[in-house]
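What follows is a group of structures, each given as structure tokens.
Common to both upcoming complexes is subunit A, partnered first by subunit B, then by subunit C.
So, the complex of A and B:
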């Protein structure tokens, strides 16, 4: 594994100022110290500082760096190197392998599984292994995406797109995936969901399971290559999955990315919908007109991609919808970070500015593109949080009024 | 993917944010593309207009402005534009809860105190940085906080005593106990400022300063009087302790620049400016002297009618170089630099440097000019450090040029 060159860092401290974790806890040395500064010592095989585990991998350092240093990626590479010699905990295994767990529980009724997850005894056990009992874990959907998709009847359409759902939509929010299918059908596209696609590897890699993450990346890239060769776009809705494909796989697994000439990015499903609207394929005339105020939260992993905020643009295009950007920083969850017992309070402190902004706005409906942001915002505010596509479908689908 | 807005601003430093704000005032749709957070968030919120002229410290920036070289951005846009921009900014900041003020009539540049024990000439500053009171003070307490990086009272006092007007003062240094326990890193003024924004933190600062009240005329503090609530915290403490409190200007992270950054960013959002982050612009689509769109690293096409480029200088990527050659990074406008690389450096480390001066040559409306003085791009304006003809470090004019040119570029783009 190659080290990232730390020397582009000029130690200006912009990342230190913009890091949401360093803002709320002095247990974290901060991105500059943990990233490029420590990297120089790592090159000398000096030991690792425990503060590394406090990096939430939210990427605000990458976003704010004026020199283009990918500080958070330096941290994740260091964590992986560390994990090769220090086995990650059972707790981290649990949090990293959500897809496997979802695969196991799908044979049981979700109500039973979810009760199994939220009852005090389970909470006690989870807390004992290091998952905070104060956290609201996401709940499994009654039917997971693969089952829902199989039973969903698509009209006959000639234009085709492929959908990469990611494990959040697969297990916890399949209705958002189905909303996308409905919208794409309406725009004239048949949707293909290849069951070979698996978890993008973000939770695996950030928790120190490099081998599992590589295995997943290999499977996903092979499938992606197949559709690339057929000339069919592959869409994704999850900001973290997209970030993994777009900018992390080429860094973490460069030998795999080479197979696709480094062009590993998926297409953003909401950008695709926006272009459908622009081209007249998805007319918004006939959409529900009544007034709806929405506060939008831009997930950090979306902001890091440099593609703007397509979800917010979609909301703004809807007649009657008044959407405002919260622009109040990170929600604090960072995938599985905020569920961890020793990180829970940090995550909540990070999210407090966003929670306050939402509560003070007087706006009830919140929208965001990321599944775990959604869980965290509901936990921190009690407000309903939807995916922008949920709102889009609700207002276009006359059968749902 | 193609994105379209009326006005596209590139760069999230003081120039870019100011341009986006003034452009948005026209009612047109504005997109602000950022690559990095800009240097404002690690700088101060003081606006230096012109601290040095011809190598000498100056008190009156506006008196000497007309005598600057012709290629200086202030000369290009005119003194009146600079004054109007500053007035607009003062009003804007006051509306956003951050009072900045210019020096009292006839006083000339503020003399701010830094944590290096130097004084720094500036034109606009918040009350908390205003150090005019130090002239009449006899007893001055200089504070730091235990484990705080870069703020050392003994160094500050030793340095300040070199100034004749401060040589006779009774300076005494003190260390406040650190309120952040078990910190695994050095504490910075920013850590304390954020703590002081909370009720516990304000109480901590009040209690620890109280013991010194009545014994000193002035307290020199690191910039720790809160973040969002800084103005109120400073007023409250000054009133309750009945003492003049002066926040020293710190090195990065300098705290007060982040206060201004937060105010500007909030305001941009309220004005409906669309912010796209981590967007690195690599090239432009130009047809017959008109820019149609910019292309980002991610292959996005950002279309607009008017463009403001505030991408910064060499360090921020607005300017690219190779030996003997320099050019503006997006449009590849060649910059006027000597072919002989030896002539690029200066043996005088504190003298003027070509690296600080090189930049795009523009007309009075900030549109780029070729060597013959003809307009190169009809709908593109440049603002801030990407402009050539001035040495911000030597003159102490960085924020002044950024603000004045950003204001003008945004205003003109909004009028098109």
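So, the complex of A and C:
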């Protein structure tokens, strides 16, 4: 694996100021130090500092760098190089392989599984392996997305789109996926869900399981290529999955990205819905008009893509909805980072500004596009947190009023 | 008046090497250096510990000396030498008929030069031009010039050797055709010292002719300016030489966190002619691109120059063609007893030069002790216990780096770091921590931030002083380290020295870096004196 060229960094330290982790703990030396500055020493095999494990990979360094340095990716590549020689912990294996675990538990009643997860004994065991007992882990849905989708009846429609759900929607929030299917059907699109699609690899890669992440990327890209060739758009709702496909796969697995001429990005499902609204395919005229205030949180991995905030735009288009951008930084969860015992307090400190902003606003309803952000905000504020598409469907679907 | 047996003039590799050698033989000696330790050519070169491959064809004797000394220095100076190995690469532009001549010459000099499949070479050094034709591995190494000289100085101190830095020799007193004493001025305090002695050794490198002139004699030392470029990162893990007749811009040396490319060769008018014309930099890039096609995309940290003290005897060649061998002059042949001068040579053979000179000097003094400099390591390896402790108090990749830099002083600095609440990095680009900087700044040999830089690498990385210099001067002022110059003067001098290296290569990302530095120091801190304008 080639090292990243650290030359573009001018050491201005903008990333250090913008890094939510460095802001709250000195255990992390900051993106500039663990990124380009250390990369110069990695080139002379000077060893690795523990500080690297404190990078949350939230990408705020990449977003803020005026010189265009992909700081977080330098860190992730370094972590991977380190993991080749130092096996990641059992705890990290557990957190990285959520999809596999979801596959295993789907045969058991979710209530039982979830009770198994939240009871004090399990918490004690999880805490012992390094998952904080203070954290609220996401709970498994009663029926996972593949099962729900299979039993969902779509009307006969000619226009087609493909949906890449990602593991969060698959195991924890299948309703959001179904809401998307409902909305797309209403806009005149039949939705295809290819069961070959697997976890995008973000939790695997960030926790040091490079080989597993590569395997997943290979499977996903093969499937993506197939639909590309058919000319059918592949939509995703998860900002982290999108980021993985758009900008990480080409860096982590360049040889795989080459197969698609580097065009590995998925389409954003909410952007697609917005275009449906603009084209008149999805009229909002019949929508519920009640006044609703929504506080929107833009996930870091959405901002890192530079595609704007389609979720917020959607909310703003809804009659009666008054949506404001919380604009209060990172929520602190960063996928599985905030669940880790030694990082839980850091994650909560990072999110505190967002939590305060929400609580002080007097707005009850929160919306965000990312599943784990949702878990963290509920944990930090006690407020209800929805996906923008949940709200969209709720206001359009007369059967649900 | 001080008394000693030998006064050595010049605190470069040769002078300090002589001080160590004499001190180990039990001969009392005092060294005078007009600047800081290793301020001349000993710190202004590639940082290449030659295998001798470069000289094999032209000067087989010098090549043989190189490989012998190379082997010795790898043993006695482990902390200063990176065992990086070297490639000699035949490019599409090099004469293929030279290959065999070179291989034969290496064999004759005893230099191992093993052919390597081009494909394997490219796997080891992927940034090399894929169109190269042949590759040989040689035992070249990178060597840290500052550090090697400092470690020699530490060893010399242990044996009682004495050094006076920032002391410029102003006169050499004679009596009845013999040297009697050396007078020098402290360039910082202005005080004069007079040191009575039996012998004087002139090891002033490019300044040697000036020293000889003090006693009314003349010698053929021709300073020859060579320009070098320091790049921001290691794009090669090995030393890369062109396999052709030695020429400009044909050596790349990875050196700690950076890569150095050099050099040019121009006759210099003055021994301190360190100016760098931008044309030199552009020319080096043109030549260097043949080995590394992406060279222009790598960021230049700075360009700098040094002067080689070439020895020109009557009618011999100059510049690139001049001999890299060394020469010892016994001035008694010209009627002055008690003074020896040493000229020419190169960094790799500094120890041998010192040995030969000391042999002659000792025979004159009637000292029979033998040279032991090749037997004993310059400094003792840090103990595993101290290293273990250090890893707890030095940030990031810093512990080993600091151990190598500090040598004898390492355990003391570790203790200092342990006593601190937090041993923060003052220089993040080169990973230099507060404990180390405070310690070095407190050494009487440090008279400015620049002296601290030379020993620690403070300010020698990516930001070239933009962030660390202010932080450091603040820290040192706060903890009561006083320099002979004011903090503002100190900062100004330090930054000007850094900026001097940036100016000849002021484009691309480095220009952005410089603008950031100017914004901090000139605009925000008003260090460039606009204050006086406002007062008018």
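The rule we apply is simple: the second predicted complex is superposed on the first by the 401 of 401 C-alpha atoms of A that agree within 3 Å, B and C clash if a C-alpha of one lies under 4 Å from a C-alpha of the other, contacts with A are read in each partner's own complex, and residues count from 1 in each chain.
Definition applied: a contact is a pair of C-beta atoms (placed from the backbone, for glycine too) under 8 Å apart; a residue touches a chain by one contact, two chains touch by 3 or more.
All figures in this text were calculated on a predicted structure; none of them were measured in a lab.
After superposition on the shared chain, subunit A has more residues touched by B, the comparison being subunit B against subunit C. Of the two partner chains, subunit C is the only one touched by A:8; subunit B is not. Looking at the shared chain after the overlay, A:221 reaches neither subunit B nor subunit C.
Legend: residue contacts after superposition of the two complexes on their common chain; A:308 is shown touching subunit B, with no touch to subunit C.
Of the two partner chains placed around the shared chain by superposition, neither subunit B nor subunit C is touched by A:183. With both structures placed on the common chain, the touch criterion links A:51 to subunit B and to subunit C.
Of the two partner chains, subunit B is the only one touched by A:274; subunit C is not. Looking at the shared chain after the overlay, A:346 reaches neither subunit B nor subunit C. Residue contacts after overlaying the shared chain place A:38 against subunit C, while subunit B stays out of touching range. In the superposition on chain A, contact of A:392 is made with neither subunit B nor subunit C. In the superposition on chain A, the residues of subunit A contacting both subunit B and subunit C are 10, 12-13, 26, 29, 33, 51, 67.
The part of subunit B that touches subunit A in the complex is made up of residues 1-3, 31, 35-39, 41-42, 180, 182-185, 187-188, 190-191, 194, 252-253, 258, 265-266, 269, 274-280, 296-298, 300, 312, 315-317. Here subunit A touches subunit C in the complex through residues 2, 5-13, 26, 29, 32-33, 36-41, 43-44, 46-47, 49, 51, 67, going by the rule given at the top. By the touch criterion given at the top, residues 82, 126, 232-234, 237, 254, 256-258, 297-299, 395-397, 400-401, 422, 425, 428-429, 431, 461-463, 466-467, 509, 512-513, 516 of subunit C touch subunit A in their complex. For subunit A in complex with subunit B, the residues that touch the partner chain are 10, 12-14, 16-18, 23, 26-30, 33, 51, 62-68, 246, 265, 268, 271, 274-275, 278, 303-310, 313, 324-325, 327.
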